[in-house]
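In what follows, chain A forms one complex with chain B and a second complex with chain C.
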Partner chain A sequence: MTVILVSSDNQDFKVDKEVAERSILIKNMLEDVGESDSPIPLPNVTAAVLTKVIEYCEHHRNDPVQVPEETDDPRKRSNDIEEWDMKFMQVDHEIILAANYLDIKPLLDVGCKTVANIIKGKTPEEIRKAFNIVNDFTPEEEAQIKKENEWAEDR
Partner chain B sequence: MSQRAPSRTSFTESINSPDWPHRNDALRKLVACCDEGDLQVLHRLLGQTSQSGYDLVSALPFEVSHHLLLYLDGMDLIRCQAVCKSWRGIIQNNDALWRAKVRDWDPAECTLLKDAMDYRLLFPRASYQHLPTMHESLNEYPPLAELDSLLNRIESRPGFIGWKEAVVQELVLKQNWKWGRYVHQLTTSLTMDVKPVLLAWPWLILVDNWPRVHKISLDGYRGVRYQEFPQENGRYYQVMEVPRGHGSVSCIAWDSTALTVSRASLLAETNDSEERQLLPLALGSYLRMCDPETGTFETLPTVLHGFALHLCYLRDKIISVSLDGHVVFFPKTPPFLPIRSSSVNTKVLQVVAVDFGSRTFERREGDLMQTWQGAVCLAHEDGVIIKDEQSNMLCQVLLDLGVKLIHIQAIADNTWPYRNELLILYEEPNTRQRLVLCVQMGPGYREEISRRLLAPSFSLGRGGDARDSIAMCRDRIGIVSHRNCSSDLGHYCVLRLLDLKQDMAVSTEYIRTESVEEDEAVSDGSNNDDGIHGYSEDEVDDGGGGGRKLKRGRVHIRGRAIRLDYSTVNKAAYRILALDHARIVLGVGPRTVKILYLV
Partner chain C sequence: MHALKPLPIEILALIFQYLTPRDLYRTMTVSRLWFVEAEASLYRNIALRIQFQGNDSLLQALKIRKHLLRRLEWSSSSGREVSEADLLDILLDYRPSEENNGSTSSDILSSSTPAATNYAYILPSTSPPAAGYPLGPGRPALRHLSYVGGSRSWQFFDSVLYKLTTLTTLELCFSGNAYQPGDMYVFEMDKVLTVFPQLKHLGITGKMLEFAPTTARHDGGYNLILDVNEEEADRTTRHGVLEHHHLGSFRFNPIMMRRSAAELFLCFRRLTDLTKISIESKIFNFDNADKSRPWAIGRALKQFCPRLETINISSPVVFWLFDLAIVPPDKDHHLTALVPDVSLGAVPDAQTKKRLRRRLQDQEVDELLEGRSASPFFPQLRRLILEQGHSLSAQDLISLGVQARFLTHLEINYQPTFHAHVWEIYDRDAAASASATATTRQRSTWSDVLVEDRRLRKRRQIENRDVMLFLQVCSSLRHFALTKFCIPFEHLLVADDDIIKQRSLGVVDDQGEDEAGTTEPSRHDDKAAPFIQPWACEKTLESLIIGFDIATNRPEDHRLVWTHLGRFKKLRSLTFVRDLYLSSNSRSTLIPSLAFGVEGVLATEGGGKGMSVTLAEIRSLPSWWTEESPGEMVLWFARSFPKLRVLGLMRYREEVEGGKEGDFSDFLEDEDVKLCSIGHVFFEPQYSYS
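Now for the complex of A and B:
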């Protein structure tokens, strides 16, 4: 059975119901709508992002659905990303936002882990470069932060 | 459907106007008409231009960025705080984030949990039926519910510094160990020589030659106000005179399980109840029980087999070992009649008691069923003898021929990760190198499983000088070695701190050079110009200037490097007396004790 998803820029995507239901949001919507064939609008997701999301869900369609268990392994490890996922994931924040909106936990995890891996081990300046962030601290604030973190410097 | 963009022509005109206020106006109108989808598009477009600094973490809704930040470790979070204001805002005040970091730590290593002393209380019900093997423990995680309840308890205590501060303190401690720095030092000079020293946080117990027992509260003196403290009787410092005895005190013992036995229920309500502890000490061949609260001493009616060399507690018993190898077990309570006595027929160098908490081990010996919940390790020159609480031999660890044992340390965690190891510091006969052997003990020290050399890539220096002193605490070794120089530098001391887990060594030393003036040389090692303090006690609050000022946290200044100052006045030599996970106790000469706080 297929469903039709409509992105924010009015593009239609036909996907298998099973694939679409990887998104808990869509799954709930389908349950509410019932047997109707009407397309599902996703006003917060653009076509480009939706393409990628569908690609992810297709690839992982046979993964067991993860029951959200907070007590499972709270120790967050970010070194266990699948190879396919690593290639798939470019640092596109939109995918993370979309995964959050569509409630696809595995994709969200992968996205977060990827970003975390980028941040790890970098100095603040390097992080700014990686994410294109402007340093908005005043010089006094900078000096104060430096003083606060003096102990963290390695020699 | 929400209204989309305003009428095209007016918008295009306004946006193309050379006039900045007009463009500004058009932009504002545009944004006002946008719904969430449009804003997302705008965000994406903004992100694609190279000028604007639009960043991911600030754009994410709070719970998602929180989720992301959980993947970073403590040091990364500290660095992320310095990136920009919005990141700082997200991270700094996010208590749950910092608390999650504390949760991630190994409870056996975390200072906050160890110093809280609840650690032992927290896991009293470790199941004894399930004794995980070495392999299992690596993948298991400590029981979460119990860890959470401990964290809740710590949080509800008055004077709790906050989870972020706790994480920072822990990281500061790690950095200080790594680089050999301390943040605070405390010196005390006694009038007589100091012999036995016991470090059991928060107490430091010194016995001098009078004999007098000094009980010092290390926690009470931690603030920067104190550098030397007055030796008056008070809350932080108690002095008790031992009634005239024969000879000087050879050993003293501390009961670290007293809390679990009697106070478990009470501590849940009260916050700082002082534990009543009797301190047994040995004077020649007599045992005295000292009560620090009342300052009284009670002589035990029994006589030991000659001169008592070691004393320790094991669960509900006191064990004394005499010079000629007699091991006597006493109960903890009056009338202290000895339960058992046996002899190991060799000189015992060191005694370490291991308590397995609520775990019970059993073994069938013919018709008898042996059970034990603790073991005592007696180290002699050729190896270690391990006995259970009934003085039955459990096992023996023998070293190779010619190898000389120097020091032992037993690690037995009754909770995850269930480590059960005996660390033996020994000296090799040919090369005279000092190395550490790690012996994995089976459950309850019933058998050795394997031996492995720890950190073979470095040794502790060739040959021991008789003046060398060593202290061990879990995986850390502190050693003060004395080196002789052929030049006119005379001899100098080196303090080496070794971390076996991380295969890391830090050396701090002091060499007297020509430029040091005579009047600069400090006597007795007391250093009064301690200009750099550990951390500012007063929390500086931000004036609330509408977010323009940063909220200040405590400032943890990089500590001073540990240096041993050479004293020219009385050629005092350093020795290390005791060590624990965050403090080092050094002796300077026979009468002065210097305590270095690493956090």
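Now for the complex of A and C:
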């Protein structure tokens, strides 16, 4: 069975229901509307991004459903990204936003881990350059922050 | 590097959870927007370890940012603690030195000296106020508290602990040594459940621990009455009846299950939402094993905690999974008929006793396979993990296979305990009840002893054949691990039916010899080709950890096992273990070689691709066989399993000890091997999975 997804720029995407339901948002919407053939609008996702999301869901269509980890250990790993996912995730934050909106946790996790890996080990200036961020701290403010939180530098 | 577009704040929180404190420290000065989320992420989860040199700076920073704190891991050692003043400030937003204009009755309490020099051996004058410490408006809404250590002031500890009423996770581990009365921490289960209504996870372990008797009592009906004080009465109903609690996970020390503390099981009555228990201890002896009442434990948990689905046991404790119906003494004729009456004067030899015992066991196995005479304590069980010192019995394992409809995950990571007392325990309450209404007869012969053991349903240790039976009947498994011992090849095979019958009648013993000493019909007789009975989980199993002891070098034997493995349709991870107890010189495992039929793993019944399209990881694959080069073997696996990404190889010990390690692993540098699709080919650390 197929479903039709409509992007924010009104492009239709015909997708297997099994693939579409990798998105919990879409899965819940389908359950609510029942057997209807009505297209499902996704006003927060452009066609370009939706194409990539569908590609991801197709590749992972047979993956087992993720079981929430029992531990609430906050120390999460980011070094376990699959090779295909690594190549797929060319750090477009729009995919991360789409994964968050569509509630596709594995894709969201991959995106966040990828960005985290970019941040790791970099100095503040290197991070600013990687993410196109302007430093809006004064030198005095920056020094104050470093002094107050210096304990974290060795952890 | 091409610059990325700016990230919205709502995503930053998700990303920052993957960063270390050091990386968060650096992100704090990236921009004002990033600072807000980085600071919140950094101070959300804090680990206070007394050995850490930066604690002074951390404590000062935490006092200002305590409102961000949600999770605290706090480890301490006797004599070196975070000061009371710092703890009161951070956890309760209470500063007695301010309240009293800087003067207190205790130098320690008012001190803000660095933790590295502040010792918290509590003096009597530092007792908490009678009304408890007041809470400041800036106190954190702490959700998770883990404490490891000992203390000499449990009164102070409790005075802080019981103010943290927002906790959803509480983990307490009381380590150290008790030198005098009062050194042990007395844990009050009822009080904890009452004070922490939002608690979802509770762990209470360590050897410096006692469980207080419950103060609850029955009202003669279904209700427990707690002798509450006025403050605690708010949390109970008008009549002081205990509320049910929503605790989902409980980890505890096995001393809670001692007979003398059996009443503690009354507290389980409040835990109707409990889904997971973990029994944990680092002391590996079966203290008071003969006083254990595992039947009472099982029945209490079944009655009070019907949703239990995960059980972890990493502690010596007698724990049963099924209620086995005791046969009344006047109804055991079907048992006595199996065992010829042997007069006390004629002492049977060991072989005979073994044969007679086997008959009775086989009869019991038949009953269990039919689902008779065993009632589950945990009908919703999904995950069972057993570590060192476990007491999983053959009867429980077989009954699990037959009756555990939801069991998806089983790990047996150690051999069952050899502690003799464990296997002598039986349901004394049921036995007494059965004997009270039956006419007993004098039992004095050796056969009577055997029958009595069977009648009383004494547990027996699992053997390889019990494991095979379990795997042949349990159809829901997704993950199975059997570490620390290997399955001998002959135990995998289906024996001739006549042999099974003859064995059950005691005509043929386990070595296949009948009473005349002749050998059973050859397993390798061409007229009766051996095969491996299918496992019921071949369509569901995704992860398998197992060892095969194939003592022969017959290629057809190895091919048979590889073909059997090929039946698994969804296997993603396969790990081979090496028997801890076998000689290191024993070439005792499956040979992954084309000369030994490894291609059998690709042959699937009825077509289909089987695990050739699912297998992503192989660990501890033996690699010392010389029939092909290791490099060729790696490339064959890469071609045959396109999704394989991890291949861990097991060295043979002699190669390592003989100094040949370098020569042996050179093939890992071959270009073909390095560039193959697997990606991660390596040698396992020595003794992995052994």
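The definition used in the following text is that the second predicted complex is superposed on the first by the 138 of 155 C-alpha atoms of A that agree within 3 Å, B and C clash if a C-alpha of one lies under 4 Å from a C-alpha of the other, contacts with A are read in each partner's own complex, and residues count from 1 in each chain.
Here is the rule we go by: a residue touches a chain if its C-beta (ideal position, glycine included) is under 8 Å from a C-beta of that chain, and two chains touch if they have at least 3 such contacts.
Owing to the predicted nature of the structure, the values given are computational and were not obtained by experimental measurement.
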*When the two structures are overlaid on chain A, which partner does A:Pro124 contact: first (chain B), second (chain C), both, or neither?*
both
*Which holds for A:Ser8: it touches chain B only (first), chain C only (second), both, or neither?*
first
_Per the contact definition in the header, classify A:Leu97: touching chain B only (first), chain C only (second), both, or neither._
both
*Tell me which partner A:Asn44 touches in the superposition: chain B (first), chain C (second), both or neither.*
first
_Once chain A of both complexes is superposed, is A:Trp151 in touch with chain B (first), chain C (second), both, or neither?_
both
*Could you look at A:Val134 and tell me whether it touches chain B, chain C, both or neither (first, second, both, neither)?*
both
*Interface residues of chain A shared between complexes with chain B and chain C*: 74, 76-78, 91, 93-94, 96-97, 100, 108, 112-113, 115-116, 119-124, 127-128, 131-137, 145-146, 148-155
*Can you check the complex and tell me which residues of chain A touch chain B?*
8, 43-44, 46, 71, 73-78, 91, 93-94, 96-97, 100, 108, 112-113, 115-116, 119-124, 127-128, 131-137, 141, 144-155
_Can you tell me which positions in chain A touch chain C when the two form their complex?_
64, 70, 72, 74, 76-78, 82-83, 91, 93-94, 96-97, 100, 108, 112-113, 115-124, 127-137, 142, 145-146, 148-155
_chain C to chain A touching residues, read off their complex_ = 1, 3-8, 10-11, 14-32, 34-35, 39, 42, 44-45, 53-55, 57-58, 61, 64, 71, 144, 169, 201, 249, 276, 310, 542, 645, 679
*Considering the complex alone, what residue numbers of chain B touch chain A?*
35-37, 40-41, 44, 47, 50, 52-57, 59-61, 64, 67-73, 75-76, 78-85, 87, 100, 103-104, 141, 144, 171-172, 175-176, 179, 550, 552-553, 555-559
